[in-house]
Amino acid sequence: MKGRTLVRHGKEGLKNIGRNGWMSFASISAVTVMLMVVGVFLLLILNLNHFLESVEEDVEVRVYIDLTATEQEQEELRNDLEQLDHVESITYLSKDEGLDQLIDSLGEDNREVFESLRDENPLNDAFILRATDPQLTEQVALQAEELNDIDRVDYGKQVVDQLFKVTNVMRTMGIVLVLGLMFTAMFLISNTIKLTIVARQKEIQIMKLVGATNGFIRWPFFIEGILLGVIGSIIPLALVTGGYYYVYNNYASRLSLDFAELLPASPLSLQVSLILLAIGVFVGVWGSLTSVRKFLKV
Amino acid sequence: MKGRTLVRHGKEGLKNIGRNGWMSFASISAVTVMLMVVGVFLLLILNLNHFLESVEEDVEVRVYIDLTATEQEQEELRNDLEQLDHVESITYLSKDEGLDQLIDSLGEDNREVFESLRDENPLNDAFILRATDPQLTEQVALQAEELNDIDRVDYGKQVVDQLFKVTNVMRTMGIVLVLGLMFTAMFLISNTIKLTIVARQKEIQIMKLVGATNGFIRWPFFIEGILLGVIGSIIPLALVTGGYYYVYNNYASRLSLDFAELLPASPLSLQVSLILLAIGVFVGVWGSLTSVRKFLKV
Amino acid sequence: MRIIEMNNVSKTYSNGVNALNNIDILIEKGEFVYVVGPSGAGKSTFIKMIYREELPSSGSIHIQGSDITKLKSKHVPYLRRKIGVVFQDFKLLPKLSVYENIAFALEVIEEPRHIIRKRVMEVLDIVKLKSKARFLPDELSGGEQQRVSIARAIVNDPRVLIADEPTGNLDPDTSWEVMETLETINRSGTTVIMATHNREIVNTIKRRVIVIESGRIVRDELRGSYSYER
Amino acid sequence: MRIIEMNNVSKTYSNGVNALNNIDILIEKGEFVYVVGPSGAGKSTFIKMIYREELPSSGSIHIQGSDITKLKSKHVPYLRRKIGVVFQDFKLLPKLSVYENIAFALEVIEEPRHIIRKRVMEVLDIVKLKSKARFLPDELSGGEQQRVSIARAIVNDPRVLIADEPTGNLDPDTSWEVMETLETINRSGTTVIMATHNREIVNTIKRRVIVIESGRIVRDELRGSYSYER
C-alpha cells in the first residue's frame, strides 16, 4: 500500500464518522454508556476488594505463653515462631495490655464492670502473629500449637472461618459481576457497531464491484473503529478520573470506617482509565472489522 | 380502523421480525443481555437490602434497672416504657442472663476468664427495647433516659451510628446502581432498536408515498416492539427465576450467615420477572415508536 | 373540470438548485399529458409536486379544487391514495414480495382480503408478472421491477396516474404494451401524466405534450410531438 | 485476440430461475457489441458474468485467456479494475459526492491525487456534470445519476466497458452524446458491450448485435439491427 493511500484511509475513516452521523452517534453513545457502567463497577469492586483485604488483615493468631515460662524460654519460643512458615510479623502483648484491649473492645458501658479484674488479671502474656496471607492463618495457628511453653493458641476459628466464607463469596461475586459486565459491554458495543455496518452493506458491495480490494475497504473501517472507541471513551474516562478524584477528596474521610478506606485515586483512576480505553478501542475495531468481513464476499 | 386491518398489522409485525432477521436478532439479544444484567443486580440489591435490614434489626436499647427498684417500681417502669413512641417490643433480661450473654459473646477462649464473675455479678437487671424502625433506636433511648428507676440506658451509640452510616451508604449505592443500570439498559435497548429502524427509513418513506397513514405504518412497529421485548425477556426471565430458585435451594444454607439469609425465591423471582418483562416491553415499544416517528414526515 | 392547477409554482431545493420556475399549468380531468425535456430539466420535480413528495418553494397547487400546499400533513395520505405513481426509481419495498408490494396499496385503504387478491392478480396479469408474484424485488430484472411499480400504481384505480419514465427500462414491445395499459386506464376517465424520453411513443400516440427546459414550461401543445431545442 | 470467451455458460439463480442457458460467445478485443432482448431475457445476467458479480452455474468464462470462474476471490478486484461498468441501477455510493464517487475508481488503483483530480474533471466534463461535482447522488435527477455511473465506468480507461442500458433514463440528445463518448472510447481500443432497449441507436450506429431471449442467444449478427420475434 502506498503512503498516500494510508493517508486516504485515515481521512476516509474520519469522514465516515461524519457521513454516518446518526449511526456514529449511536455507536459512540453505546461505547460511552457501557464503559461508564464498567468503569463504575470496576472502581467499586476494586475498592470492595481493598476493603475485604483490610478486614482480613485484622485476623491474627494469639499464642498465649505458659505462665511457668522463663524469660529464656520466652525468647526461644519467639525464635521458634519466627521459623514457622508464612509468618509475617510477631508482636509481644503483655497480659496487662491484653486486658486493656479486651476492656476497650467491650465498649463504654461495660468498662467499669470489668475494671475490677485489673487486680487479679486472669490473662496470659502472648505473642501475636500475622500470617503472610490472612487465608493462611489457620495453618500458622496449627504449627504454633506444636511448640513448647504454650498455654493455648487462639485465632477465633469460628469467626475467622465465617469471615473468610463471606469475603470469598463477595470477592467471587464481584469478579463474576465485573467480568460479566465487561463481556456484556463488549457484546453490546460490537452489536451496535455491527448494526451500523449492516446498514452500509450495499455500499461495501458497490465498492467491491468497482474494484476495491478487501483491504482497501477494511482500512477506513479499522480507523473508524479506533475513533469510535476513543471518542466513546472520553466521557467515561473523564468521569472515572474526575469523579473518583472528587469522591476521594471530598468523601474519603466521611465514607471511611475505622478499619477501611478508599483506594487512593492516583494510580487507580489511571489504571481503570487505561482498561476502559483498551476495551473501547478493542471493541470498536473488532466490532467493525468482523462485521465488514461478512459483506466482503461479493 | 377495521378489524381485518388490525389482524393485518399483527401479522405484519410478526413477519417483520423474520424479514429483518439479523437486525431483529441484534435487538432481541440486546434486550436479553441487558435484562439479564438488570435482573442479576436487582436480585443482588434486594438481597443486600434484606441483609442490611436484618443486621439493623439486631440493634436494641438496654434499659438497666436501678438496683434499688422494687418489683412494683419495675412493673411501673415496664408500663412507662410501653407508652413510649416507636417501641416495638419489650423483653426482660435478668442480670444472670445478661452475664451469660456477655460471656458467650467473648468467644470460647476468654470464657473461663470471666466465669469468676458469676459469684459477684456486677450487672443490673434490664429491659430490652426494640424500635419499630431500627433507625429510630436513638430516639427511643433518649426518651427512656427520662424515666424513673433507671440506672442507665445503653444502645451502643458509636457502633450503631457507624452501622447505620454503613448500611445507608450501601443502600443508597445499591439503589443508584440499579437505577443507573436500568436507565442504561433502556437507553441501549432503544438505541439498538432505533438503529434497526433507521435502516428501514427508506421503506417507511415509500409506504408514506404510497398512501399509508402514520397510524397504519406505526401499528406493525408497535406490535414488533412488543414482540422484541417479550422474546428478549424469555431467557432473562427463565434465568432469573430458575437460577434464583436453584441458588436458593442449593446454596441458601451455605451462603447464609448466622444473622442473614437469602430472600425466599417464591414471591421474589416473580416480582423481578415482572419488572424485567415490563422494562422489555416498554422499551421495545418506546424504542420502535419514537424512531419511526422521525421518518414519518414525508 | 380542472383536476390539476398550478399557479406560479417555483421550487428551489435546499442545496440551492432552482428546479422549477414560475410554472403555470391547467390539466383537465381525463387528459393524457406527456412531460418531456432534457435530463435534469425538472420533469420529476414537476411530477413530485402533484402527489406532494416535494412542496413548492412558492406558488399554489390545486388538486380537484383544493390547495395541496396548505394540506395538513395528516391528510396527505388521502391525497396520495387518489394518485397512482410509477416512480422513476421504482420505490419497491425490498423485503416484500411482488404480490405484497402491490397489495400494500390496497391494504392502506383497508380493502377486504379477497378483493385485494383478485385485484392484485388482475394487474399482475396486465404487466405479465403473474409467475413472479412471490419473488422479491431484488430477484427481478430492471424491467420487471419497473412493471411491478406500474402494477402498484394502477391497482387501486386512481383518479390520476403519474408515471415518471415508465418505459425507461423496457424493451420496445413491452413499452407498447404498457402504453396500451395506460391508454385503457385513461379511456376509463383517469387523468394520466407521463414523463418520458421515448420519442417514438410521443410521436406515435399523439397527445398533449408539455416541454420543460431548465425548470420552465417552454411549450405546451395539445397534439404535440417530441422535439425541443437545447 | 479474444478478450471474452464463454463456453456453455448457464446460470440458475438460487430461487430456481433459469436466467441463462448454454451460452457460447466470442468477443474480440476492440469490438462494439449490443446486447438486446425483451425484459427479463437475461441481458443483465449475461453482463454480470463478465465482471463476476454473478458466477455461472456451469460453463467457463475466459477474459484475456484466463478462466475467471476459477479466479481466487482475492484476485477478483484486479479483474474488475480492467472492466468499467455502467450499472442498470447506477450503484452510486449514496454518502459520497459525485466527485468522490468517480474518484473512488481511481483511488482503488492508488493514483496520485493530482491525476485523480485531472481525470475526474475530464470525465465530468464529458458527461456535462462539472457543475454538480459536489452534489450527493440523491440530489441528482435520474439521468444525471446515470451519467455519473457512466463517468465512473470510463474514468480509469478500462480495457472493457460494459454498459447496462446506459441511456434508459436519458433524453435522445443526451443519449446520442453518450453514444459518441462510447464510440470514442471504442475507437481507442476499448471493447464495449452495451445492453440496450434503444432501437433508434442500434439501428443507426450499426454494430454487432447479440439477441438474447429466455436466456439463450437467438441471433448474433455483425452489423445487425434491433429486431427479434417474441
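Each chain carries a letter (A, B, C and D) given by its place in the written order, and its residues are counted from 1.
Keep this in mind: a residue touches a chain if its C-beta (ideal position, glycine included) is under 8 Å from a C-beta of that chain, and two chains touch if they have at least 3 such contacts.
Going by UniProt, the chains are A, B = Cell division protein FtsX; C, D = Cell division ATP-binding protein FtsE.
Just so you know, these numbers come straight off a predicted model, no measurement behind them.
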Identity of the chain that, by mean CA position, is farthest from chain D: B
- line: chain C and chain D have mean C-alpha positions lying a whole-number Å distance apart equal to 29
Cα-centroid distance, chain A (Cell division protein FtsX) relative to chain D, in whole angstrom: 62
- prompt: If you average the CA atoms of chain B (Cell division protein FtsX) and of chain D, how far apart do the two points sit, in angstrom?
  reply: 67
- request: Please work out the Cα centroid separation of chain A (Cell division protein FtsX) and chain B (Cell division protein FtsX), and write it as a whole number of Å.
  value: 25
- line: Where chain B (Cell division protein FtsX) touches two or more other chains simultaneously, the residues are none
Message: Using the touch definition from the top, which residues of chain D touch two or more other chains?
response: none
Message: Going by the touch rule set out above, what shape does the chain contact graph take here: line, ring, star, complete or other?
response: ring
Field: Interchain contacts (touch definition) - all pairs
entry: A-B, A-D, B-C, C-D
Statement: Listed in rising order, chain A (Cell division protein FtsX) residues that touch chain D in their complex are 1-2, 4-5, 8, 16, 19-20, 203, 206-214, 216, 297-298
- line: chain B (Cell division protein FtsX) partner, complex, touching residues on chain A (Cell division protein FtsX) are 22-23, 26, 29-30, 33-34, 36-37, 40-41, 44, 102, 107-110, 112-114, 116, 122-123, 152, 154, 156, 158-159, 162, 165-166, 169, 173, 177, 180-181, 184, 187-188, 191-192, 194-196, 198-199, 255, 257-258
- prompt: In their complex, what parts of chain D are in touch with chain A (Cell division protein FtsX)?
  reply: 51, 53, 73-74, 76-78, 80-81, 85, 87, 91-95, 104-105, 107-110, 112-113, 152
Task: Mind listing the chain D positions that touch chain C in their complex?
output: 13, 15, 17, 36-40, 43-44, 88-89, 135, 139-144, 147, 164-165, 168-175, 197, 199-200, 226, 230
